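Each of the next two complexes has chain A plus one other chain: chain B in the first, chain C in the second.
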Partner chain A sequence: MSGKRPSRDDFAVIGRPQRKIDGLAKSTGRAAYTDDIVLPGMLHGKILRSPHPHARIRSIDTAGAEALPGVHAVVTGADFPTPYGIIPWTPDETALAVDRVRYIGDGVAAVAAVDEDTALEALRRIEVDYEILPAVFDPHDALAAEGNYEAGDYIHPPKREGWNGNITKKVHLEFGDLDAGWKAGEIEVEAEYYFEGTTHAAIEPHCAIGRFDGDGRLTVWSSTQVPHYLHRELARVLGLHPAEVRVIQPPVGGAFGGKSEPFDLEFCVAALSRKAGRPVKILYTREEVFYAHRGRHPFHMWYRTAMTRDGMLTGVDARIVLDGGAYASFGLVTTYYSGQLLTAPYALPAYRFDSVRAYTNKPACGPKRGHGSVQPRFAFEVQLDKLAELGDIDPIELRRRNFIGANTRTVNELRVTSNGFLECLEAVEGASGWKERWRRLPFGRGLGVAGSTYISGTNYPIYPNDMPQSGIQVQIDRSGRVAVFSGGSEIGQGTDSAMAYIAAEEFGVPLEHVRVYRGDTDFTPVDLGAYSSRVTFMLGNACIDACRKLKRRIQEAVAEHWEGEPEAVVLREGRAFDPSDPERSLPIRHAFQIAETRWGTLGETGSYNTPKDVHGQYRGGTIGASPAYSFTAHIAEVEVDPETGIVTVDRIWVAHDCGRALNPVLVEGQMEGSAYMGFAEALMEEHVFKDADHGRAGLHNAPSLLDYRLPTSVDTPELESLIIESVDPEGPYGAKEAGEGPLHPSIPAIANAIHDAVGVRVDRLPFSPPRVWRALEKAREAGALAKPAHPADRLSSRTEVGA
Partner chain B sequence: MSHTTEVVRLHVNGDSVEVGVPAHFTLVEALRYGLGLTGTKQGCDKGDCGACTVLVDGRPTLSCILPVQEAEDRQVTTVEGLATPEAVHPLQDEFDRHGAAQCGFCTPGILCSAAALLDGNPEPTRDEIREALSGNLCRCTGYTKIFVAVEAAAARRRGR
Partner chain C sequence: MLRLPAYRYHAPRRLSDALELLARFGAEARVVAGGTDLIPNMKHRLFEPAHLIGLSRVDELHGIEVSDGWLTIGAAETLSSIASHPAVVASTPALAEAARHVAGPQIRNRATIGGNLCLDTRCTYYNQTEFWREALGYCLKKDGDTCHVTRVGKKCVAAHSADTPPVLMVLGAELDVVGVDGSRTVRVEDLFVADGIRNLRLQHGEILVRIRIPIRPTSRAVYRKLRQRGAVDFPLLTVVVAGERGDNGRWSDIRGVVTGLGSRPRALTGWDAIASDGRLDDDVIESLAQRAHAQCHPLENMIVDPDWRRAMVPVEISRALKALRTTTAD
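Presenting the complex of A and B:
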């Protein structure tokens, strides 16, 4: 196989539709999620939350709660004041507020009681004396604030000398010669965009159970997507040796980035259990999930983009203000990502961005599917559409011309390997009938295109270290069974199944004979978690590593048995055989037995670490670096009702270069789920807060699954997945990511389709009926409400005028 | 804390059982915390998401807003009751085959809604499937694989 690109026929399992190993457990109700677990003597915990967006805590009196029969423990911030933060440079949170609350919903105290009713009653008996401080909700106001932290003018103590305490992070980076870029540019577009905040809304609310055993060891079950980081932070905040902490991750009922850092409930169940001497469970209400948030940051964006008459980009300049909410969360990374991830799939000769993240007195924003890059991608892909329009170029053609290529470096020095973006464009162009239909559909109906790129895992871990990012242990025995001990996180994306496919492929055993044990830090190696689309690439490579080491020993033992060469021993489809000699063929179980006889008990570990030379040599140049990038192109077809402004998305064609689809069914599922989620942000979702004129300032506007509008089965467009396989040289069997990239283009493709349908631009999300209607009205008043002309028609009419 | 406990008689998945629960419990709480039938999920607490859907006398019902007393003397079917000892329900098998359950948290509720649909309409169109599932939010799949799985299960049942 070496030397040539392996094709699907080279594999028995990989690349073919397979069932998931946990699919039936989930569809029969057998899968036990965190809230399905009941431990003997378990107590119910509840968290008291701040009613004020910004206040100093003068005192907390918990005596009334403690005296209530049935209450077993009460904790406040004073019980575990050690600050933490998922990013080690910005530890600005505590498990519960210590002296100050920073948003409505900030945790203040927690109780454990015999049942939920008693716990709720106990919360009512806790008295908190607050001194109200000034609150700020708009990031621009926050950045303009003057004064000092003590007086409450700032939400946090300044992070740096001379900074306002409402600044989390500022990034200014410049690549290439921007002055030259403006000079060479013949067509320019400058515009402002606004991306509204949105949240993850996984259907499973966050849940955790803590159990302190008499021997001082802590076990926490959690619906987290990052058991390793939770493990570290639990040890730190609770003052335990990490070897005394065990984190168990049951199947997770959806996450999307919303469970990718520790939350107050995990610390609280641990601390309450320590005090009560009994296990404690906390399950967030849906309202608490909305306040826990860590979702998509609202972005205020300004872009200037220039190109030549032939449609070659010459310069891009961006200014971005991120509304961060009350805590840093992943915000340092988000601020970098807001600029760093824009530099493919198009070659940008000169690029600058200036981003600043502000604290505001609202729930903290963090990473949501497509972390930090969905917002700028929306703005930039609309910029490209505007440029194409001014330059009389087909927007697909414009994208083709600026294609960055494979095996190259971006302007900010990120290494790009495989790149199937052109194939993605071609696939959606063909499937949608673009050439015949774009600009040719009747008024009110339109097509729009957009492209994007995303990382297959962040190249550097959250805390600096050179240990592997992913680990796997594999063990086989004489029964023919393969056991995989995986550090991975199963959040619905199918990681456990992917590891099983790899093991089945490598050992030639049927899928049913592979068991995957996952999600327990006591017996699985470390993997950093399900975030940044890293799992298939990194854990997959670790799994291949472990399997191949072990497979080699089987091959050697069987070769010895046959008096042949190990390389000639093939393990496939239930047998070990030598393709050149029909006599030499054994059931795989016998091969395992020969190996166990030869070597003793059989097991191996495997790991993956990232290449270290794939980033830029400047401060921040590691952020945005990835061992490989996925590429995506979408075309959306919309209908716009010119009377009401209602936009209906009928269909989205989604082409995604995932390197290789280990299981095309699961890849399509990721593409469809991503495209859906982007569509939802484009048309419906708004994570917004009341102002003083409409209730209590800082109160969530719609903390329920009815009022925060998620698309139902009726709202969601038809989604057509087109898998593109560029076969990455470093990915497992060539695979890259599929879980986040295909979200990005949904939004700008819909924006551009609205323009094709009715000729108006809506540069602010979401494209809700009132907003679209206002844009239509403006065009109507200006007498300009019409479908834009096809460039070919415009060019020919110009020629006629000129002639 | 003192609250009134009540004994209610439920008929769940063919069994008749008595369960003592706080009088304010909803059906989903009685199923999950009283009977240990944790297959039925709770995604919100106010009838917004459909994760808690079960069949009550064959009709899809949000068990999180049904006071447990109202389920007395009626036949309740949960996801655990869809399969027989011999075989899983065709919907369960097709959900598995088509990857229609990603995280699986919405799945028990969606299966109950879909089972009721197929019982009343053996050959639903895609729009009818969309309608029937419109009370069940799924955040993972974009619904596409769910539609495909329901269509496949319907075809399989007709074939029998």
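Presenting the complex of A and C:
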């Protein structure tokens, strides 16, 4: 787009508050999720799980299970031993354990029976002979294991002889002249941070149904957020031609990254169905969801950051150890993301990071909302707060001074287009009363600020190919209805609605006349899935592409009918008309009929592929590249009880540059949901495990939603969403992502607000009452428990001393 | 979803029928009212009774009324009813407050006060699924012979975690318990014994029928619950303090109960001497709080730092006593 930015008035649908097209069905219980589906003759499956964190399987005897009346099929890892992995370079999982289990909860065998109780009884009759192996739970211990282990005791076979089989990935990248950066730096902060693991806790547990038809074709219904990748892996692991596999994605009850790769249940329902000759359903218990996990990695982080006296950053150095759990999952990408996504919205002249991901005998970690970059963002934004304090600079001002700008490249060569970060800072600064209130509130109450950036989709697909990342098919007919066949994944975020808004906008039809058909690999084009905040940007562009091709044919047919020019034909608000001639106006349905008469049956496909020149020219330089970046700023207001350590977050102001809000209500929903999720991780969430002194090492601390504490509605702060629209040149109508970026600053903003309130730093998550209380006690003993001074006061007192 | 073990449900309408069923099925039977504690525990295979005797429809277990200076509450009255009943709110507001702090609204609509009094003790090594407990190697309270909290000894230290009993204790409530051989009265403080495996002095075959609370116009009580979330959670620490407020503004019989730590609610001792002259000034409150602190030694029976929970005892006691001091004289 060039010239003037389109304003909201240029659109009939886009940019205006709209209902979600599936909102009523979901809120009234009509929407059919995977577990709502009951097929004729359907069996119920259950998976036997390992009670040991690391063991070799000597033998499995399933005879007892097979002999139980009501049991129709039993499978073990030997039935489908082909390894897979969501990242093609790290295929280290099998559908069920083939010869080794790697964490408490690893799948060992599965049964299908007439009902769940019979299936559970069958599991009790399976005998597994385990040889216990040494297990490792701390990533530092796992990394130190090199040479200390028999090769066979590593969690995975070493990639080369003599290597440490407990390492998934090491990344070392350096940009700019760090030595010069340290020399130029006049103020430095060096500190360690720890981000505890957290999990997704989507409302809907994972569920899948498999059905082999008599002709050997497989259909799998799954609560996946990546039907295309599931399709590929099902074909591979089950030894089927991809054209014999169909994946159907019913509405998904939340995912947050926790359903973005294949899981054991999807392979098991397929294999059990093949054996039993009947459809098989498996629904995880909540406990199994905690074992399947793939949530946020625990990060051990060390940062050194330097700046000049006037607040210009000169160098950043990071060392990060990622605790990966038993399998790679997306870990290769996570390891890169731990460093690659830190290079905006501030210009870093020199930057280095050293990240390593270790395997441990715990449920695998993976992507959770803000994949790989929420943890370093916490550490770095606290580093900035510490630097600002040492430099007597307002932390908002420090962030402003280092703003990277629009239409630029980061130090690691990622292309940045639109950038509304300054507007975000200004919005939260104004709305929160920052200038009057920061450092001026009474002891125990404080404000904190943080900023961030995030990708609008990964620029490159998970498996290398040059085919489109997103596809859409659009079909219209003489009735006036528009049918959109979408490859998208509806996981509650509103993808179906967004496609409907686009179609309604382009064709000028009422929203109710657009149907979105989605989530069936047999009749919808390929889209890579709902991950990395890619859908609105990529699928939205594909949808515009398809709609505009088809719209052009309507315009041409109507122009022919009017003996005018196609460009003059406007489709809007139920009519086709020529703005320059009031006589030329038709109901849109008539326009469709004219086009159908002129061209025959009307349909078009559209696709989107990413630009290829937006990444860095080095190994790993494609990871972190995105066609566009969103920007966010938060200010949190907290109250800290100095006696108990209880932190109450009263309010979070969230300003987010989403390019353009296709529907501001949905964008606000994403901003609120993100801020809530970050707040939850800041104060409560801990995905942790027992150790040898507490029950049994590697045993999940509490795999239930009673003890894995998520804030309730009464705990949730007031969330004020401030949408910033920078109108991206390549986004659909200028849109960028809104689903993950707004989470990032929650945690450091709260950390910085705690410091403003009581003067203590808590560099380790979560800020639970016992942890904050200990920090307060330490400060109290040191006589340092006090509100930090405002820089203006400090400067004036120094001046007085100096005078 | 976790599956329930198979059982037969009985729904007697009369107390005598319930007692008869309980006697007939013996150890195979358990009573259930709201089921909000028992049903999850059954899903965890902590109990697998063949028969459940439902008490919700037994007439004798219902009713909330005030007469002759006593508030009487049927054991099968729900916590929602107790939280909002005008007679409870007027005569024993701390009890209504405690009921209001149990779990969430849906659970309070089913859970009963009798069930809350008989709530099973809780522990991080106990309230888990069959699979989890198998991986652990089980524990002293169920199916095993080791306490993973103390790692020595044979005493179960699962925590009493109910919200209403400490209030009933400071109010001097009495319980009517009926068995096939007749009825008896139990003072609430005598209901509990410091044994995490089973902390109730009720015999099998006995049913808790009603709770009777003496109404003393001079009594004031304050309930405080420490938890991480504003709803749903069991207490990490509950303190209740009470006293009799004289016409002269002096206090007598200052007393306190702490729970959420050990296997039974702990009545704090040694307060009489500290608060003997009836004043409740800041120094006295601090002394009472420190006295409470010396008596409480929480263990790692739940997943929140016991050092912090212990440090919170004097904080919560002090806050409760300060709130007590400001309670109005009707």
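Of note:
Here, the second predicted complex is superposed on the first by the 791 of 803 C-alpha atoms of A that agree within 3 Å, B and C clash if a C-alpha of one lies under 4 Å from a C-alpha of the other, contacts with A are read in each partner's own complex, and residues count from 1 in each chain.
Everything that follows uses one rule, which is that a contact is a pair of C-beta atoms (placed from the backbone, for glycine too) under 8 Å apart; a residue touches a chain by one contact, two chains touch by 3 or more.
Just so we're clear, the structure is a prediction, and the values are computed from it rather than from any experiment.
One of chain B and chain C touches more residues of chain A, and that partner is B. In the superposed pair of complexes, A:714 makes contact with chain B and with chain C alike. After overlaying the two complexes on the shared chain, residue contacts for A:491 are found with chain B alone; chain C is out of touch.
Of the two partner chains placed around the shared chain by superposition, chain B and chain C are both touched by A:706. Of the two partner chains, chain C is the only one touched by A:696; chain B is not. Residue contacts after overlaying the shared chain place A:645 against chain C, while chain B stays out of touching range. When both complexes are overlaid on chain A, the residue A:33 reaches chain B alone and has no touch with chain C. Touch criterion met: A:104 reaches chain C, while chain B stays clear of it. In the superposition on chain A, A:117 makes contact with both chain B and chain C. Once chain A of one complex is fitted onto chain A of the other, the partner contacts of A:20 are limited to chain B, with no touch recorded for chain C.
On chain A, the surface touched by chain B in one complex and the surface touched by chain C in the other have residues 117, 285, 704, 706, 712, 714 in common.
Interface of chain A with chain B (complex): residues 19-20, 22-33, 35-36, 38, 68-70, 113-115, 117-118, 121, 200-205, 251-256, 285-286, 491-494, 665-666, 668-669, 672-677, 704-706, 710, 712-714, 716, 718-719, 721. Note for the complex: chain B touches chain A at residues 1, 3, 22, 32-33, 36-49, 51, 78-80, 82-83, 88, 91-93, 95-108, 111, 129-131, 133-147.
Within the complex, the chain A residues that touch chain C are 49, 51-52, 104, 116-117, 120, 283, 285, 287, 643-645, 684, 690, 693-696, 699-704, 706-707, 709, 711-712, 714-715, 768-770, 773-774. Residues 1-3, 6, 104, 124-125, 127-129, 131-132, 134-137, 148, 151, 226, 228-233, 300, 303-305, 307-308, 311-312, 315 of chain C are the ones touching chain A in the complex.
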